[in-house]
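Quick one: structure below, then a few questions.
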Amino acid sequence: MDGHRVVRDVPRGDPAAIERLREYGVATVYEALGRLGLLQPVLRPICEGMAIAGSAVTVSCPPGDNLMIHLSLLCCRPGDVLVVAVTSESTDGMVGELLATSMRAHGVAGLVIDAGVRDVAELRSMRFPVWARAISARGTTKASPGSVNIPVVCAGAAVHPGDVIVADDDGVLCVPQSRVDDAVSRAEERAGREDKTREQLAAGVLGADIYGLRGRAVELGIDFVDRGP
Amino acid sequence: MDGHRVVRDVPRGDPAAIERLREYGVATVYEALGRLGLLQPVLRPICEGMAIAGSAVTVSCPPGDNLMIHLSLLCCRPGDVLVVAVTSESTDGMVGELLATSMRAHGVAGLVIDAGVRDVAELRSMRFPVWARAISARGTTKASPGSVNIPVVCAGAAVHPGDVIVADDDGVLCVPQSRVDDAVSRAEERAGREDKTREQLAAGVLGADIYGLRGRAVELGIDFVDRGP
Amino acid sequence: MDGHRVVRDVPRGDPAAIERLREYGVATVYEALGRLGLLQPVLRPICEGMAIAGSAVTVSCPPGDNLMIHLSLLCCRPGDVLVVAVTSESTDGMVGELLATSMRAHGVAGLVIDAGVRDVAELRSMRFPVWARAISARGTTKASPGSVNIPVVCAGAAVHPGDVIVADDDGVLCVPQSRVDDAVSRAEERAGREDKTREQLAAGVLGADIYGLRGRAVELGIDFVDRGP
Amino acid sequence: MDGHRVVRDVPRGDPAAIERLREYGVATVYEALGRLGLLQPVLRPICEGMAIAGSAVTVSCPPGDNLMIHLSLLCCRPGDVLVVAVTSESTDGMVGELLATSMRAHGVAGLVIDAGVRDVAELRSMRFPVWARAISARGTTKASPGSVNIPVVCAGAAVHPGDVIVADDDGVLCVPQSRVDDAVSRAEERAGREDKTREQLAAGVLGADIYGLRGRAVELGIDFVDRGP
Amino acid sequence: MDGHRVVRDVPRGDPAAIERLREYGVATVYEALGRLGLLQPVLRPICEGMAIAGSAVTVSCPPGDNLMIHLSLLCCRPGDVLVVAVTSESTDGMVGELLATSMRAHGVAGLVIDAGVRDVAELRSMRFPVWARAISARGTTKASPGSVNIPVVCAGAAVHPGDVIVADDDGVLCVPQSRVDDAVSRAEERAGREDKTREQLAAGVLGADIYGLRGRAVELGIDFVDRGP
Amino acid sequence: MDGHRVVRDVPRGDPAAIERLREYGVATVYEALGRLGLLQPVLRPICEGMAIAGSAVTVSCPPGDNLMIHLSLLCCRPGDVLVVAVTSESTDGMVGELLATSMRAHGVAGLVIDAGVRDVAELRSMRFPVWARAISARGTTKASPGSVNIPVVCAGAAVHPGDVIVADDDGVLCVPQSRVDDAVSRAEERAGREDKTREQLAAGVLGADIYGLRGRAVELGIDFVDRGP
């Protein structure tokens, strides 16, 4: 029972909740969730200013082969985010303009890939959202088996099919499906608090005072002196 | 006979063929060539959207010394690409605005360097094309010997003087001189095929069907199931 | 006497001299100074085209905790540059939009941090100048002690409170306070020389001739030959 | 419900099966399992010749804090393997001789940690088996919450409490609990085949002949020629 | 006044205190000192089981040139530790068997170098203690100026001439000269405490109980449950 | 003509000359040759104290596939050294105990591989000499074409079939076949000089005096002062 497989159905989250997570953004949702699910910062967007959220269709590939990415498109619906993991570290360019054209045609919201991509000039002019580990012209074969919609580890984080992926300039976050509603309400609350804090900070009030950090400093035994030695 | 030397003459390729390689771009030519000659993706362009091709004038420098880059300009003709290798790994900024001004004055098409560059704000406003391993203000001496126009290894790829360098947002490729014509015709053929495929993919046809990957998946024993466990 | 402490007063340099260093830029001042004080190139600006200079307020934090950055704002005056070191390597996002809003409200000229930052889309739209090791949404606690305005090592360079930090697209430089005047006059002299050299190079004169490198090549035993083997 | 927690009970595997996996070793079991569950090779043993297997007690720590490792000992039984993940990358020395003494006293078979360890001279003379990312004298606090016996990602692999960890000079492998029996029988079969192959190879028969690779080479279009150009 | 210089005299510490620091070892002294002065763990000993301590003679070299290491031997006394920093990152083998023979002849206790060494088979058979960033056969020139006995940054830590260097299997520590006596007494105290704790731990008492961590866990809101979901 | 191919015949060097290079060792031969041909120090021996030299049989593999290593054994004679390059960076364990058994049966002197190896406990107990980039249990397929005995780039150095590989604790060196005799005589001369220098250094004479470095220091403007500021 360890064979490779393609699972066609993925449970998707509520589109309205997903859109709200996109708006709050990775940094806010990550904190709101209690600091779970952040992919390692080695994944970077190929251009600035992109922000997406969607249900994860997961792909597990051997390095240097994108057969399973092609097959994963059989399982995608509009708004999904493809999350590609490789079974050993690789920077090969597993996705280029042609595959991105196909993804766009099928409504895929974006790509998160723990490997390389290529044709980045074209990907940028298409404004197709991609977070990747590397940019490399080295293409791949379409010859080796893997799986679609199984649990994967991508850039150090566990991703299950149907988890909600949020990605923007700060990185990529995986919100477990069971936590989406909770994430929305906590992020909303957090964002509200931050709005107030931002106003105070912009007016010159110090975080040291807002958060009571002077007292904490004293408790921690930090000395305040006027001049260095 | 292991002395350092400067070889003045480099065989250059046909400008029309070189221009065609530039237009097809690194990713297409690399595949067309049978996946040879790609420099490691650690070399990145200092700004987006540059695309060059030209005959390689090669330079071998000790780390932290750019004497040989200065001497290499004795050997450059308009359209050439300077390819700088160092004898041990370094991020020092071996080329800055002054050297780039000189390169431009002599018609050098661009610079590929397995080390650092500096004055990048100026290099960007000059739109001088550079692919480098790092950006570092640390300049260099002009005191230590090396060679010009000998075979070098740059970012993991062997480059011979006169090979054609193609560089764009996807990276840097070295096409052996004897393979240039072949590369042009294969790239043309490949680009033609890709145009057709792009149309199909944009219309929603799946790569899985275009390339016959469903059958391959079955041969590989991949299971298709509706739902995960 | 190894306790943590916050030193309130930092000696500041002459604003006119600091502004001149900013204008000359990191690469020129670094060379003018005799190649001292460059931070490792792993620190990169979060957007292109920023250039700042100011007196360093130094912060030493444990990884993953930004309590001391909050407290450091008690010590900042308009024009200062915050320099944040961590006691072991970390990419966590220690500063985000809220802290940057506070820094801006207090006139902080910019941030140099040997760790990560987050909310980079907002930091970019604020045009708040930041040089950092990483971008990561992973935030921090405000719970662990450190120090403000003690000597630190940031990205491999020693920085003392009150040293002048110069930062631009080429990286980050620390000019010891006692060397500021000297740095200005040497940078001026160097920039003047470079203006002349630039003109010559733009007119096609070779660096090999300007710097007498043909003779040096001969002394070093470099052979000049017409053709390779 | 995203709070930190300590789960006391872990399902353990059959000791005889675990011992067999230890004897077959990481490389053989990994292949036998269909190439699942290998931790990244950045984890290295602190001394050569160690080989362990045991049920995983998992620990999730914030970087630089080993409170949860101490608490995890409340949950260990003789023969268990502690698997420590950190929530962001760190090389701090989270375990030293004292903790190892305690682990040994409680029968812990060994430690797999995606961070640093210290007191390695003492750990080596105790022959306490450790696989770690780094060696660093930098100790930790005991102040920040985490969890014990939740699913973690350690060095790029998902590990669930009770999975069987196999570790030796080749690295660290996680065998899902449901796959242990299968792993044993497949590893046995594989080891038997390898014994025969080894004999043939030692006698000079080529793998090319044993595995039919000459034919495969011909199919793949590989040319056999006597001499290079 | 930014010239290179060789400072002949270094203040040395008390040999008995230095020997005590060696015996306590890096990990214990580092904690005792309040976690100051640890060099990054990228420096590793070339063989296991070495442990030294001595007054630092500091050397600042350009990468790839060991002239200043030769000159530093003019300043060494028996028992000193050479600490070599380079002005930009390098792995070149700056010290080999010949230089080590000379160091030994002059009583140098060991070498800490933020670069490479070579002839390691010979260095190991001499049992000459070396902590280095790399092993590389690439030798160096003796042509470029630097300084001896100025403050340097070595592997991320500031080292002043005369500071006491402690190095063993756990890494390298720099104890500021003014802190040596304090370090000895604190390390002694700490080691005493650790002896008691070790006994308890070996007898099976848990650190959770010795350090009162169960209570802390409750305060931090950590749940204790019998079984996972 | 860019097809994959296996070239059966490799020109071998004179065994006596090769043995002399082995005895002089990597560091000495590298210097004697004028600093050419050193592979990057990322390749490390899997155990200490190995020293080999032999004619290179080169292998170019796609990452994660060792078909061509099997085929390369068709081309090996006793005393040869296998040099394995991969077409993109990989740490997969491409060679294990079985292949090493086969290599030993055919008299292969050792293996240099720019990827991973596995079964290292067995390789060490066989004392089979291996220099590799990584240790990883992740095995490979035998399915993808490559070439044998073509020019390759291995760990940053160009290696031609028949070049002489020298490898020991200091790393791996490639001596071009045309330079072998020259390398032997220069290494002999260098080793003789080093013997004399070693005697002097052991007797306490300083390198500063043997090499005339005091004078050089003065020329370079280095100040000698008794005390620091």
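Order of writing sets the labels: A, B, C, D, E and F. Residues in every chain begin at 1.
Convention: a contact is a pair of C-beta atoms (placed from the backbone, for glycine too) under 8 Å apart; a residue touches a chain by one contact, two chains touch by 3 or more.
Since the structure is predicted, the reported quantities are computational estimates derived from the model, not experimental observations.
With steps allowed only between chains in touch, the distance from subunit E over to subunit F comes to 1.
Path length between subunit D and subunit E in the touching-chain graph (shortest route): 1. Subunit A and subunit B, compared by their mean Cα positions, are separated by 31 Å.
Centroids of subunit C and subunit E (each the mean of its C-alpha atoms) stand 28 Å apart.
As a whole-number value, the distance joining the C-alpha centres of subunit B and subunit D reads 40 Å.
Residues of subunit C in contact with at least two other chains: 3, 35, 87, 89, 91, 136, 138, 143-144. Chain contact topology: the protein chains form a pattern that is neither a line, a ring, a star nor a complete graph.
Interface of subunit D with subunit C (complex): residues 62-64, 87-92, 136, 138, 141, 143-144. Contact residues on subunit F toward subunit D in their complex (touch as defined above): 3-9, 67, 70-71, 73-74, 91, 93, 96-99, 101-102, 104-106, 116, 118-121, 124, 134-139, 142-145, 147, 149-150, 161. Across the complex, subunit C is touched by residues 1-3, 33-36, 40, 87, 89, 151, 153, 156-158, 179, 182 of subunit E. Residue ranges of subunit F in contact with subunit E, taken from their complex: 25-27, 30-31, 35, 38, 41, 44, 48-49, 51, 168-171, 173, 194, 197-198, 201-204, 206-208, 211, 213-214, 216-217, 220-228.
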